[in-house]
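Labels run A, B, C and D following the written order; every chain starts at residue 1.
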Amino acid sequence: MQLGIVGLGRMGGNIARRLMLNGHTTVVYDRDETSRTALANEGSTPAHDLASLVAGLEKPRAVWVMLPAGAPTEDTINELAGLLDADDVIIDGGNTFYKDDVRRSVALKDKGLHYVDVGTSGGVWGLERGYCMMIGGETEVVTRLDPIFKTLAPGIGEIPRTKDRAKDADPRAEHGYIHAGPPGAGHFVKMIHNGIEYGMMQAFAEGFDILKTKNSDNLPADQRFDLNLGDIAEVWRRGSVVSSWLLDLTADALATDPQLNAYSGSVADSGEGRWTIEAAMEQAVPVPVLSTSLFARFRSRQQSTYGDKMLSAMRFGFGGHKEPK
Amino acid sequence: MQLGIVGLGRMGGNIARRLMLNGHTTVVYDRDETSRTALANEGSTPAHDLASLVAGLEKPRAVWVMLPAGAPTEDTINELAGLLDADDVIIDGGNTFYKDDVRRSVALKDKGLHYVDVGTSGGVWGLERGYCMMIGGETEVVTRLDPIFKTLAPGIGEIPRTKDRAKDADPRAEHGYIHAGPPGAGHFVKMIHNGIEYGMMQAFAEGFDILKTKNSDNLPADQRFDLNLGDIAEVWRRGSVVSSWLLDLTADALATDPQLNAYSGSVADSGEGRWTIEAAMEQAVPVPVLSTSLFARFRSRQQSTYGDKMLSAMRFGFGGHKEPK
Amino acid sequence: MQLGIVGLGRMGGNIARRLMLNGHTTVVYDRDETSRTALANEGSTPAHDLASLVAGLEKPRAVWVMLPAGAPTEDTINELAGLLDADDVIIDGGNTFYKDDVRRSVALKDKGLHYVDVGTSGGVWGLERGYCMMIGGETEVVTRLDPIFKTLAPGIGEIPRTKDRAKDADPRAEHGYIHAGPPGAGHFVKMIHNGIEYGMMQAFAEGFDILKTKNSDNLPADQRFDLNLGDIAEVWRRGSVVSSWLLDLTADALATDPQLNAYSGSVADSGEGRWTIEAAMEQAVPVPVLSTSLFARFRSRQQSTYGDKMLSAMRFGFGGHKEPK
Amino acid sequence: MQLGIVGLGRMGGNIARRLMLNGHTTVVYDRDETSRTALANEGSTPAHDLASLVAGLEKPRAVWVMLPAGAPTEDTINELAGLLDADDVIIDGGNTFYKDDVRRSVALKDKGLHYVDVGTSGGVWGLERGYCMMIGGETEVVTRLDPIFKTLAPGIGEIPRTKDRAKDADPRAEHGYIHAGPPGAGHFVKMIHNGIEYGMMQAFAEGFDILKTKNSDNLPADQRFDLNLGDIAEVWRRGSVVSSWLLDLTADALATDPQLNAYSGSVADSGEGRWTIEAAMEQAVPVPVLSTSLFARFRSRQQSTYGDKMLSAMRFGFGGHKEPK
């Protein structure tokens, strides 16, 4: 099958590669010429602008936009909307807020265009392992694109089958992609995935922090251990309840840098974590762990907060307490 | 009435003063001679050691120990126990863990001694405003000491009466002291008071942090306000739902130092906050806000945590993400 | 001064009354005729629709809209905008989201109208105690309305002055109202006030829950106390660090219903609590206590959550654990 | 090698079986005769009391106690201590608090006995998958027992090797067991494991709760999706960042019971979750997610809390608000 791809960064480039390795053809565009040339050398048809990309595709066309969420994606989709014809499909594979998907899909429908949103997890590993994809869009359109999704997905692999999964359950899930629902549903599910990810990461972070601190000179000698955090991560990978890919990555990191000296501990957050909390608030779902995990990241990026100073000021006010040195 | 007082720091000294101003007599001891002399000049009978303090009191004696919790208090009580006679009373007015009170009261009972624990709030303001006291001990003993407690308490003052409070309700509560229950109950109630205090303080801290940040240059100009935090604290003191002594103190602090530059934001915690969480866990009571408030203080005392570094390490592992600068 | 008031519920009606008691005149409208008549009997000029209300006011007019946030307020403001003339003022005294204020003020400015947002705290007590007000709007307009605000505010009262408050600080704050900034700033500050309120309330709730549970038959007899929660609330009102209006209200409630049997514990939340979290997320401010307090309310309204069932399902999966009865 | 085993429940019985399947011999005791007989039929030597179990073992003996933590384990160890000889080993494979391990190891050392604590994860799956073990004890003793541990452990299996793990790193970790440190260190590491487990589970629970609620009739139709939660769990198992054993179990549960109707959502907690918070407090480590996860379980076991009722009471007090129906 043929696919147009806009944005040839790590994600877009590897999507093109994985498709071509499996017999699909791609027409690609990136404003960076070097990226286009690189893909051209691997078999893609390069386009020097969006119009020529559209011109290079057969109808009904499908264009996968793989750009940073926000203005870059929005502007590109708007420009594509002016170039494409009825029944063509725009796919947003980025980290778009799902309400933007809903809005766009309505606007594009007026022009006879289709909109598909694809949330992907496991990005940098996708070329090798495949992309876990959560897809939103009209059923006919998602079905039309199935050859693309099937190729990009990890496939059933060697992962043990879920016991008792119904014979008539959608087989795509086991292959690593789902049609989650109408436009927006793909990014919605991906958003929640990231919210969960924040919580799991914070759980590991807090637990390892206790382990680390248990070795600390600040503790009286008779309360101190000399725990090997790398070995602990390693042993938990084998049969423990917390075994997970995040634990695998933790073991990787600890294997070479047990003090994690390579990191300052200033932790970014992307939109999905915040949007997850917003969704929870809209739906009145209590999510104290997901929110607290997000806020731990905010906190990590500050040396001290105004709020902390206010605590000190109040303590001084009612008790004359001075701050600890 | 006559009271022995051990420990003449800010709290112990002012307790002696407030008692003497109201016609009681005091025999006082502190290992620091200057403190003893100062109180002697204000009318106390100074003692040069615990034995002479005990010798200077009429039976049945009452000795108020006002020392840091832990070893200083424990050692003093042990020494006093060897000096006192049956039916004498030891009062611990410090910040002792309530289970230590229970343990001590049992041990002292074997010697015929009584034990009373007094949790106090409003420490540095006590000479002027009186001490809000929560008392644990045997009923007869607490009653025996009532003249002392009545004098130390703030009294009914000008605070509006609680509507519909039962005519036969214990009048002591309105005067600012209660007999909470058997030994340990006083410090238990005081402990919970401090747990609540942590939560209230953190609520103010987080709210004012949002207000402060709303003025920040980091926000786009059209989303920024120029809020006057001192005026906000001031206006909330008049009729708002959050009006409180903590807000009064906040207004005080902001009046002279709106940026709170005098504080680094490294916030201490005392035992009560931690013990509150322990009590909640023993009783299976969900206390996410009280615990989170405690942990915000732990966090405030660190520049970055090992846990934060681990988050960064995982993010690098699964997504190649670099830390924000 | 003359003020038009739309919405004569508890808040709107009492605003009219407090103004008239202090020499102002009011023209009032409510779709409920009984309310209009009641106010007319107390001295207001009733209007049978918005047009007649506008007709009854002298230019430049000022109309205070005191209706539920959302459609009722929005529709009324839109209709008023069509009836009013340049330089007239619309005041929204409800619980509007501050971004709606910003949007409206821009739209109304195009028509030459002014927009003022007033966040108020202490609602039901306002007739008696006055309204604590946080005001957003253009400086000239807020100044023009000062006689209204000054009358509605609680005034300086008998509340102790904040020590060291600058001589040249805005005197309005001490009288219980502030001009917080441009349109939206009033409701922004009020929103944060409510966020803090949630946190303080939850701190009290958790603390009293531990106290209550400490009396429980579920504890072994030798760990149990028999704490009098009403007396505890009462004593804390006198000199303790947690003294506050919320504690006063708690003491009121416990005085007549110590088991709080009148309540099921299903707790509503209004928009401000959620918007506070949104604002914090926009500004990257860590607010774990404010968010957790909100989520405790969400949780209170459910018997059990799907999430809890999932925990049970996982526990059964990895350990064969059955649920406790 | 020969091992005595006390306690033949699911864990103890399967430990005996896994050992015998791999050439070890076992002498077993359980106060339930049926369990003893069952194991005898599979090759164990049954003992009718602890004395005969000890008598049936060659010196230096090793006895694995696999009983519920607390009194059953404590009493058994005390009795064994009176029966065993110098240089014998007692192994506690249960869920003991690590400070109890430290205390016991000191007491047993006085008698010349050795104490080893083994925290295990993956209990019910252990016969098949092996037991992930964290071991505390003296180095010589843990080494002496290595044949036992090596057999019980999962082994290196097909789990991908951690990249860059040092050549000279302890090979036991990759086989699924570690010598964590002196007595107590095994259960300490296991305790933290469980703390992390709570946090990860709660992250999944909250995330799936949002997904579930997004399908709810309570939402306006145009905001509602029809998400298939079983498919979502399934697809995340393939290449997503949240892939984990807990997710596998979730997919299992959802495959047959997507509404989780089999569960009421009343969630138990074991000691480890609480002890993790205690350890964090001792070490001043902020663990808001681990604590909040524990408290969500406490909350799940109550229909409503006294604290929630207090929130309602305060809201009624300051705003006349009635509870939602």
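Criterion: contacts are C-beta pairs under 8 Å (C-beta built on N, C-alpha and C of every residue); 3 or more make two chains touch, one makes a residue touch a chain.
Listed by chain with UniProt protein names: A, B, C, D = Decarboxylating 6-phosphogluconate dehydrogenase.
In this text the structure is predicted, and so the values were computed from the model without any measurement.
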Request  = Pick out whichever of the two, A-C or A-B, is joined by more C-beta pairs in contact.
outcome  = A-B
Key: Farthest-lying chain, centroid of Cα atoms versus that of chain D   = C
Remark   = Averaging C-alpha coordinates per chain, one finds the centres of chain A and chain B separated by a number of Å equal to 47
Ask   = Distance-wise, how many Å sit between the C-alpha centres of chain A and chain C, to the nearest whole number?
value = 39
Message = Please output the residue numbers of chain B that touch at least 2 other chains, ranges allowed.
response = 122, 125, 202, 204, 206, 208-209, 213, 241, 245-246, 252, 280, 284-288, 292, 296, 299, 301, 305, 307, 318
Note = Within their complex, chain A touches chain D through residues 121-122, 125-126, 129-134, 153-160, 162-166, 169-170, 172-178, 180-182, 184-185, 188-189, 192-200, 202-204, 206-211, 213-214, 216, 219, 223, 225-228, 230-232, 234-248, 251-252, 255-256, 276, 279-280, 282-290, 292-293, 296
Request  = Could you please specify the touching residues of chain A with respect to chain C in the complex?
outcome  = 241, 274, 277-278, 280-281, 284-288, 291-292, 294-296, 298-299, 301, 305, 307, 318
Task = In the complex, go through chain D and note every residue touching chain C.
result = 10, 122-125, 201-202, 204-206, 208-209, 212-213, 245-246, 249-250, 252-253, 257, 260, 262-268, 288, 292, 296-297, 299-301, 303-321, 323-325
